[in-house]
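Just below is one structure, and these are the notes that go with it.
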Amino acid sequence: MCPQLQSKIPVAVLGATGMVGQRFIELLHDHPWFKLAGLAASDHHGGRPYAEAARWRIPDSEMPASVASLPVVACRPEALPDVKIVFSALPGDIAGDIELAFARAGVAVFSNAKNHRMGADVPLLIPEVNADHASAIIQQRKQRGWSGSIITNANCCATPLVMALKPLQKAFGLSKVLVTTMQAISGAGYPGLPAYDILDNVIPYIATEEEKLEIETRKMLGAWQEGQGFVDAPIVVSAHCNRVPTREGHLECVSIALEKDASPEEVIATWENYVPESQQLKLPSAPEHALIYRHEVDRPQTLRDRDAGDGMSVTLGRLRSCSILTHKFVVLGHNTIRGAAGGSVLNAELCVEKGLI
Amino acid sequence: MCPQLQSKIPVAVLGATGMVGQRFIELLHDHPWFKLAGLAASDHHGGRPYAEAARWRIPDSEMPASVASLPVVACRPEALPDVKIVFSALPGDIAGDIELAFARAGVAVFSNAKNHRMGADVPLLIPEVNADHASAIIQQRKQRGWSGSIITNANCCATPLVMALKPLQKAFGLSKVLVTTMQAISGAGYPGLPAYDILDNVIPYIATEEEKLEIETRKMLGAWQEGQGFVDAPIVVSAHCNRVPTREGHLECVSIALEKDASPEEVIATWENYVPESQQLKLPSAPEHALIYRHEVDRPQTLRDRDAGDGMSVTLGRLRSCSILTHKFVVLGHNTIRGAAGGSVLNAELCVEKGLI
Amino acid sequence: MCPQLQSKIPVAVLGATGMVGQRFIELLHDHPWFKLAGLAASDHHGGRPYAEAARWRIPDSEMPASVASLPVVACRPEALPDVKIVFSALPGDIAGDIELAFARAGVAVFSNAKNHRMGADVPLLIPEVNADHASAIIQQRKQRGWSGSIITNANCCATPLVMALKPLQKAFGLSKVLVTTMQAISGAGYPGLPAYDILDNVIPYIATEEEKLEIETRKMLGAWQEGQGFVDAPIVVSAHCNRVPTREGHLECVSIALEKDASPEEVIATWENYVPESQQLKLPSAPEHALIYRHEVDRPQTLRDRDAGDGMSVTLGRLRSCSILTHKFVVLGHNTIRGAAGGSVLNAELCVEKGLI
Amino acid sequence: MCPQLQSKIPVAVLGATGMVGQRFIELLHDHPWFKLAGLAASDHHGGRPYAEAARWRIPDSEMPASVASLPVVACRPEALPDVKIVFSALPGDIAGDIELAFARAGVAVFSNAKNHRMGADVPLLIPEVNADHASAIIQQRKQRGWSGSIITNANCCATPLVMALKPLQKAFGLSKVLVTTMQAISGAGYPGLPAYDILDNVIPYIATEEEKLEIETRKMLGAWQEGQGFVDAPIVVSAHCNRVPTREGHLECVSIALEKDASPEEVIATWENYVPESQQLKLPSAPEHALIYRHEVDRPQTLRDRDAGDGMSVTLGRLRSCSILTHKFVVLGHNTIRGAAGGSVLNAELCVEKGLI
């Protein structure tokens, strides 16, 4: 148990019936610090039990028995009176206002939605990357006059990319990132893509994804300056996003320009020696290794590496020179765990551990 | 009929039982200029009929009735005495010497194998790109003292890429190309990849593919200078090659640096107005449109666009600015037709039309 | 041109924006007897041009230029005043009443919907199987007092099954059919199955499909008796229906009990010698061979055989003894062509040729 | 620890580099009763360490560290001198003689190969089905004059089928079984099927599979009679076997004839109440539930249910009346775990527990 805690913190999931909502349930239903006390959905079925309101979609698990009888309530703070933290898996068209309502009501909102990610006082947080950004919520509370807070996690592609880049930025300086993604179908939620559109196909377009990848990367690799706000990292990012017929796992081919000379061995060593605060703190959802570098010539592979560290590790490989920028490599992350629900849960753990909420 | 011809030219396929060999048969068995008169394979079965020696692998066609009874002979010139042209779909470990033997015996060899592609007097030919390179075979014959010739076509990824780049190089100058490929399983030949390795997977590595893509692009976009030889184009190319679970069609995300300013509209117009010599000559295998630009936001797609122009057109889309280089786009080509057998057949048509063989 | 016709018959498609609707358009836009004069959809967009109202979903074709500008009107007879025939690809929840309205208005309705299939005076028609059932529409018109008519085609699984069974029933008598289907995703329409549900999966259930397969088979193999109506064939049918991750083509494993002794050779010969009326009449959409028997040990295969006869032939294979019933075999049909749109078009051709409409 | 044991029994895997061999390693490397002391392969690499001799193929696990340095030796008893049990994952073309050599040398051979399955004194064993057949090895030793033994497990399709059938045979009598399988690609071993053959395809044929399914079912559901040998159950079995594009898990649609009347509820209750000896004995590899009946209308599904009980449970569903036989249902088993390596390990546990080896 976290030393800060006498008892488990009651938490709820907003958007509990969707794909990411179910990943939240999977990660929270027997969490050592959190007690999953409420479930809410936009289509809330008037409080019907979760087992009636939802079908379980995650193929490699069953609906946890402890949530089957939980009522699915409306996404309003009054409907979840005793909850201290909500995890939001709401879709972007409704997440914004609902999350604000919870924050105003004093709840800490850990959101996977895109709406508040770029907010001037909202942390876009990955513990392994920018744990110090979390303290922005102190200013957020002060400025907005609420006792709750909104903390977001990044787009499912941006997360593994930024985790790969952070140690290199720190060690060598980083000026350019050119990334091509090959993203799994689960990234589109449920029902997501019709099978007829993607079986035996690659679709070289995902709406707004390239833009998110570019701006979120700069914010996360930038600085939080007390009193001033977020300052983007001066990094140019260019993205090509593609959907491919895989179930889970976003694989990305990346070319980068580092500012200092760095041999391939030095880059790999930088990754292999990277032990960020979240791993030092031994947060419950932090994988033993945030980054895993595979030395085989053909790794990481989507199927083989997506579940590394229970889906919370990011796997790297094929680091070599790039004749146009300076280096190139491959990075893979599990999109609905590390890139979505798992990332949010880890963010909440960090904030609890730091006494921020 | 080609004005140069009184009667059809007798041709043969080397490596007739493999995936590309079968594509050759499909394209040649009722060709207007060529008569498919012989089939050879390394494992030649002592002259057994093709229908007994081979299983037909191409799913959307049947073995042509006219080849079923053709004997499968050894890959030696003596076994194919009346043939003027051979199309080689041989694997790289044996193609080199066999193709030399045919060229020495006076046969024009159109090869899909990698062995001679980078030869100092061997054209790496795409009629839409570098038709003038074909005349290198005159020097080849003189220097080597043979009456045959070897003409190669490019790697299946390099072909659509170079077709997309050529008109831009010509119009605006081109200095850098950063490409990430998503290649279909048929690119690995037959049997190629085990299903267990690729279903629900992306493999970010294809042996020697990135190197080929880089060097072949420079040769094809370079110049043939009479008396001097080939001069590579001064273009830096960096490639990431991936295998994805699609049947046919290599899709590539490309970022480029053009030397002159060019608005997106100008780039697109350059592609749309590109009518190379092969299309003007109306070669039998030349598609009506060498390049097709799709204006939809999510095209080209592997499944939907690979068969454009009977697999001989290259489809482009998503041209936009790149914040790191100057422009970025998506290109798609059919790997076993345009990128292999169809490319070779078109090369032969060009050489016949030009009176080079 | 059909001898009955002075000019092409104006026809329309109801449900023109869905998967089967697009197959209808593909088959009708340059049909020798029919002129595609109207498009209707339940969500009709107030007459907007088809190119604006719909995205083309069929991957191996483009939206025909001739339909791009056709307005998409409401599914009401008044909106399609000059049309003599409508092809209905409407979903079952609305098809029933709309089709009745057209029939009352004097239009011949060829429907792919399930609603009227089991009607006591409605033919469930496959020209190769029960062409004589078509004359039920004479009684239908008389009884219902309308000048139009409703003619249905069968479920996409029932169609190839019944085509396989009919010649055997005729030659040897047939008492039992036990069938297990492996059905393609396109059978669920568009958007149909989420990719997340079916990639790397088999779903052993398709709602109401087994029931349809059982009752439709008995009706089609039964008799139309003037004055009396349809008499079901006394055949017991038991079905298992499964969804598998293939794009097109329903493959079925069938065990049957024939009433007379029949050697495997006799059964195969019965299929190979079957030339039904539709083939004798050379109807435009009738494939040269209604039934194709493949002698290879591992055919038919979904991928390799679904397009036989442009998707209108049914492919058979693996006929052998069954130790429980008498014989077993494999049958395959293209579900959105032969089992849907193509079947309806062929039905219309038969009725025109016979002077029934 | 098993009461019979003072220390772990040293065991080895034959055919350790293939797909099933790797499943054996996965199940044995930290087994509570067995110590994995040796690895052998036909292509044995002269004793090179496993990590050099083999690539790990199972995507959801890594090569266990404890086997990486084990030498891969030849498949001869002399090369594995201290081993008491070998698990054989050898291919059928060599398994027969090698397994005999080990049995003669006093080793208990638990084989997944087909060669000895139908031997007159060789148990074809599934603990949940025919645990009493194990005692055939006493007679086997006496007759053959060796101190070792050969115990086989069944074909990967026969295993889940027979597990479903056994309790029904016992409760109601069973006379007929008509089964259609949809089998995963991993059933073909590694490399197994080329991706080009199976992506977007169903292949309705697997060599010798239907025959195995028919004869093995009768042997396993039959009796072992001391002194007399095996007596086949008088059950008629007819099989259709298909390969579908799934990674793991064989799904089967089954129609059966029971001899006594049984309501659907009684059949389901019989399955749900079935607790065979292996579960009572709490053998280490026995799943808590040998049979799991899913009441959802669309289960079992390959993707969702194959890993039930760590791949050792068999999942059932859709029990309903069959209009031709008496009942029909769906059954699913994990083919490389329950249907191969896991089944063999469980057999060894049973024989140890019973003091037979």
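We call the chains A, B, C and D, going by the order they appear; numbering starts again at 1 in every chain.
Going forward, a contact is a pair of C-beta atoms (placed from the backbone, for glycine too) under 8 Å apart; a residue touches a chain by one contact, two chains touch by 3 or more.
Chain identities (UniProt): A, B, C, D = Aspartate-semialdehyde dehydrogenase.
As the structure is a prediction and not an experimental result, all values here were calculated from the model.
For chain pairs B-D and B-C, the one joined by more C-beta pairs in contact is B-D.
Among the remaining chains, the Cα-based centre furthest from that of chain A is the centre of C. Here the CA centre of chain B is 41 Å from the CA centre of chain C.
Between the CA-based centres of chain C and chain D the separation comes to 43 Å, rounded to the whole angstrom.
A separation of 48 Å divides the Cα centre of chain B from that of chain D.
Among all residues of chain D, those that touch two or more other chains are 59, 199-201, 245, 247, 301, 303-304. Residue ranges of chain A in contact with chain D, taken from their complex: 59-60, 199-200, 301, 303-304, 307.
Against chain C, in their complex, chain A makes its touches with residues 19, 57, 59, 185-186, 190-201, 245-247.
Contact residues of chain C toward chain D in the complex are 176-178, 180, 182, 200-205, 214, 236-238, 240, 242, 244-247, 251, 253, 255, 297-304, 317-318, 322-325, 328, 330.
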